[in-house]
Amino acid sequence: MIGKLAFLISEGLRSLWRARLPALGSILTITLTLTLFGGAYLIFGNFDRATRRLQSQYRIDVFFKPILTNGEAFQKYQLLTAVEGISSTEFISKERAASIFKREFGEDVVTVLGTNPLPAGAIVLVARGHRTARRINRIADDIATIDGVTDVAYRGELVRILERYIRIAVYGGLILGIVALLGAIFLVSNTIKLSIYAKRDTIDTLHLLGATRSFVRLPFLIEGVLQGIIGSLLAVGAILGMLDVMNYILEHFVLYRLIRPAFLALFLGTMGLLLGLIGSSRGVGRFINS
Amino acid sequence: MIELRKTTLKYQRGPGVYDINFTIGAGELVFLVGPSGAGKTTLLKLMYADLLPQEGEVEVNGFITSHMRSKSIPHLRRTLGLVFQDFRLLPDRNAYDNIALPLHILGLQRKDIRERTYAALDDVGLIDRAHHYPRELSGGEQQRVGIARAIVKNPITILADEPTGNLDAGNSMETLDLLTYLANENGSTVIIATHDYSIVSKKRGRLIEINEGRLLD
Amino acid sequence: MIGKLAFLISEGLRSLWRARLPALGSILTITLTLTLFGGAYLIFGNFDRATRRLQSQYRIDVFFKPILTNGEAFQKYQLLTAVEGISSTEFISKERAASIFKREFGEDVVTVLGTNPLPAGAIVLVARGHRTARRINRIADDIATIDGVTDVAYRGELVRILERYIRIAVYGGLILGIVALLGAIFLVSNTIKLSIYAKRDTIDTLHLLGATRSFVRLPFLIEGVLQGIIGSLLAVGAILGMLDVMNYILEHFVLYRLIRPAFLALFLGTMGLLLGLIGSSRGVGRFINS
Amino acid sequence: MIELRKTTLKYQRGPGVYDINFTIGAGELVFLVGPSGAGKTTLLKLMYADLLPQEGEVEVNGFITSHMRSKSIPHLRRTLGLVFQDFRLLPDRNAYDNIALPLHILGLQRKDIRERTYAALDDVGLIDRAHHYPRELSGGEQQRVGIARAIVKNPITILADEPTGNLDAGNSMETLDLLTYLANENGSTVIIATHDYSIVSKKRGRLIEINEGRLLD
């Protein structure tokens, strides 16, 4: 039994070596698929990081009554922490408000009027889990009920647009991911199917000599798994190489670096193995019927 | 033991064999003779379950081919040694590996496989061609590799389809001697299908004649 | 000669039909590749449209001297049209400025002060060809030299970030496009190579019977081109189908529609034909050497 | 006209043929005989430029194989009709299409092709098998398709490797008659390689004997 298994494994290796050229095709197909997949994984991982840069868009501006002094307003400000769904807050004193006014309108309100009419305020950032248009609305309403707050402003429009793009990205990514996965399995099984097709006489002969289904199938499955593993190793190399090239380009042009997502090798290795196995067993299934 | 009982197989696009009846006992040497297209290969295919009868039954070494599950076909075939008319050597394996294949299918020990394979190579006079691929062998040499592959596992039954078609007189005689030896001394059942009546006269064996799909007697 | 050509074409068709299963693999490989490509084309086409929605980010805020009346400021405002690189301008009267102030700071400046201290201003949009950080800088400088203008504000930071993302998209798209194209040619030629590999005995026999190289090659090339054409037709169908599905999803969730880019069918058809031709001639080249 | 001048070809992994000299004129019928592995197929392969000599020259119908560009090989082969020892039928074409193939390669008219192909099918007695695929034919029937494909274009030279190995006595005789007719009445040069000395006695023809790669005389 062990002798037979050893024979079948060595058959798988031999077959891989003997049909180097077609096998290379199969391996590079897996590499290509996994490189695309790993690239998507990379981009998603970095996209997530890039969107965090835009988090300032999830900002609510709070205005206190102008009659409140900075100190009084700061006491009200501390009540904000009780509101659910807030990640951070920043107090804006009357003086900061004046300098913001200057920045926005190009005029020093204190010089013009001799006094500072602007109210104190606060900038509130919405926590990650609450960044939907509906939740932000609720949070703004909650803040508005705090005593001493006259007005609450937030860029609802921008938030809604952002949400739109994120939704598109998530749904698009989901669809593309499923298409790519099906495509990969299809490609691998097709390549292995063609390899088997080229060996159909051999397979017939094996059956005529009394070989069982599994005796005939096993070397092909082993061959497929080996191809998957080799293909995924090449894909890991390709992605790390691509990462270096892209980072070189990116640093040169935009001073921005992509990071390497965690578990890349594990992710691709597992996918390669599964691809090889599913692909070859699908490919084998069609042709080997005693 | 091989028994065909009222066996009929008609090809969808072509003739076939009709109402065949015979019994062949253990250790018998049988010549299955008939002209080209008579149905010799068809009868052998029925025996190794490559074809199933449309009517009647085929019983080989205790298996009734039309009644068994397809999972059992490998078990039947492991009791047989087959020589194919078109050799059916695996092109990507050398002579040694082609001949060793049935032993791997039986799951024998490595050492055992080596011994038996070299013995079979010796039987057909191809020891010095062991590591040549089929395309590096002459027609007659390929045929002898096919014969070695059939006898290497010392099977209960040998079904040889035109085993001397590509062999010269000397090699033909040696092959016939080998198969006769296996029948007489080893108790193997040996069926040789051939169109060549001259080889029949060279060995004492039973004659089964077929023409246009029907047995003559 | 014509009889021979007719024979070879019919051979290509027959070969395609005879090897339906492997050919189907080849065809679907082309379909898949072109679907990915067409999808990218679709996304690029729509991405361009989506960025145009963000054009408000290429905006320069202009402030006139507070002592100027609305009428005087409007005269200065008309000088803006002479500045190069501007696509549109909008005049902001002192009253509009006050209402913007109210929106931003939650306080009616006129009620508080009894008078409107805010200056008139203008919103300037930068023309398409000038939307780089450097150009915007220049335009802002040009505007600042106009008499009566006290200050010019623009979101240089945001523009720079946007530029960054667009650069990433363009370079990333370029790299992905090249990888995908090479991958597609590789996949097609590999599939056809395997088909030819399965027919190597037939090819040898044809040569032994006196067939020339081109007699043997032509049916494979014809087969490849047919596969390319069929594959691209399927890809066009797949993309139009995907578009419908995505639009259904998008409309449902975000009230946004993707449009069909122009020349999609022509683009994919040409690519499919070229893919089939390049792939099959590459695939054929390896195996057919008399 | 075929001439081998001091031709030697030694296989990298195996024997070969050594210092072969002979000339065969137009219209001759030649039997190339020798035991299995003697080098018969090797000599034929040298004639149809599947192998090139390492020493000496091979001249066939005006082409000297070792001096011609590889582009000319198809032109040489179009003057030849080949019967292969292993038939080499295309598995995905029926008998008719297999036989018509050399005519398509020559670029003949459709009507012409039809006529000649049916004539060749008739010559080998397989009119009723025209639309059968090789796997639907018996061994002997496949061999006859191979013979029909060699003669269909009425070639200057016919090189037949073991053309009766799978044929019964009756069919063998008919095939020999056909080839003899082509040599005598048609002026074709016919070379039949065989291990079977018995068929040599049946027709008047020149005998070239080879053993272990060397000519006997």
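In order of appearance the chains are A, B, C and D, and numbering begins at 1 in each one.
Convention: a contact is a pair of C-beta atoms (placed from the backbone, for glycine too) under 8 Å apart; a residue touches a chain by one contact, two chains touch by 3 or more.
Quick caveat: nothing in here was measured; it's all calculated off a predicted structure.
Taking the mean of the C-alpha atoms as each chain's centre, subunit B and subunit C sit 66 Å apart. The distance from the centre of subunit A to the centre of subunit C, with each centre set as the mean of the Cα atoms, comes to 21 Å.
Rounded to whole angstrom units, the spacing between the C-alpha centres of subunit B and subunit D is 29. Of all residues in subunit B, none touches two or more other chains. Of all residues in subunit C, none touches 2 or more other chains. Taken as a graph of touching chains, this assembly forms a single closed ring in which every chain touches exactly two others. Contacting chain pairs (ordered by label): A-B, A-C, B-D, C-D. Those residues of subunit C lying in contact with subunit D across their complex are 1, 3-4, 7, 18, 201-202, 204-212, 215, 290.
Within the complex formed with subunit C, the subunit A residues making contact are 21-22, 25, 28-29, 32, 35-36, 39, 43, 50, 53, 61, 63, 66, 97, 101, 103-107, 109, 112-113, 117-119, 121, 150-153, 161, 163-165, 167-168, 171-172, 175-176, 179, 183, 186-187, 190-191, 193-195, 197-198, 242, 245-246, 249-250, 253-254, 256, 286. Within the complex formed with subunit A, the residues of subunit B that make contact are 48, 50, 70, 73-78, 80, 82, 84, 88, 90-92, 101-102, 104-110, 149. Considering their complex, residues 11, 13-14, 34-37, 41, 85-86, 129, 132, 136, 138-141, 144, 161-162, 165-171, 195-198 of subunit B touch subunit D.
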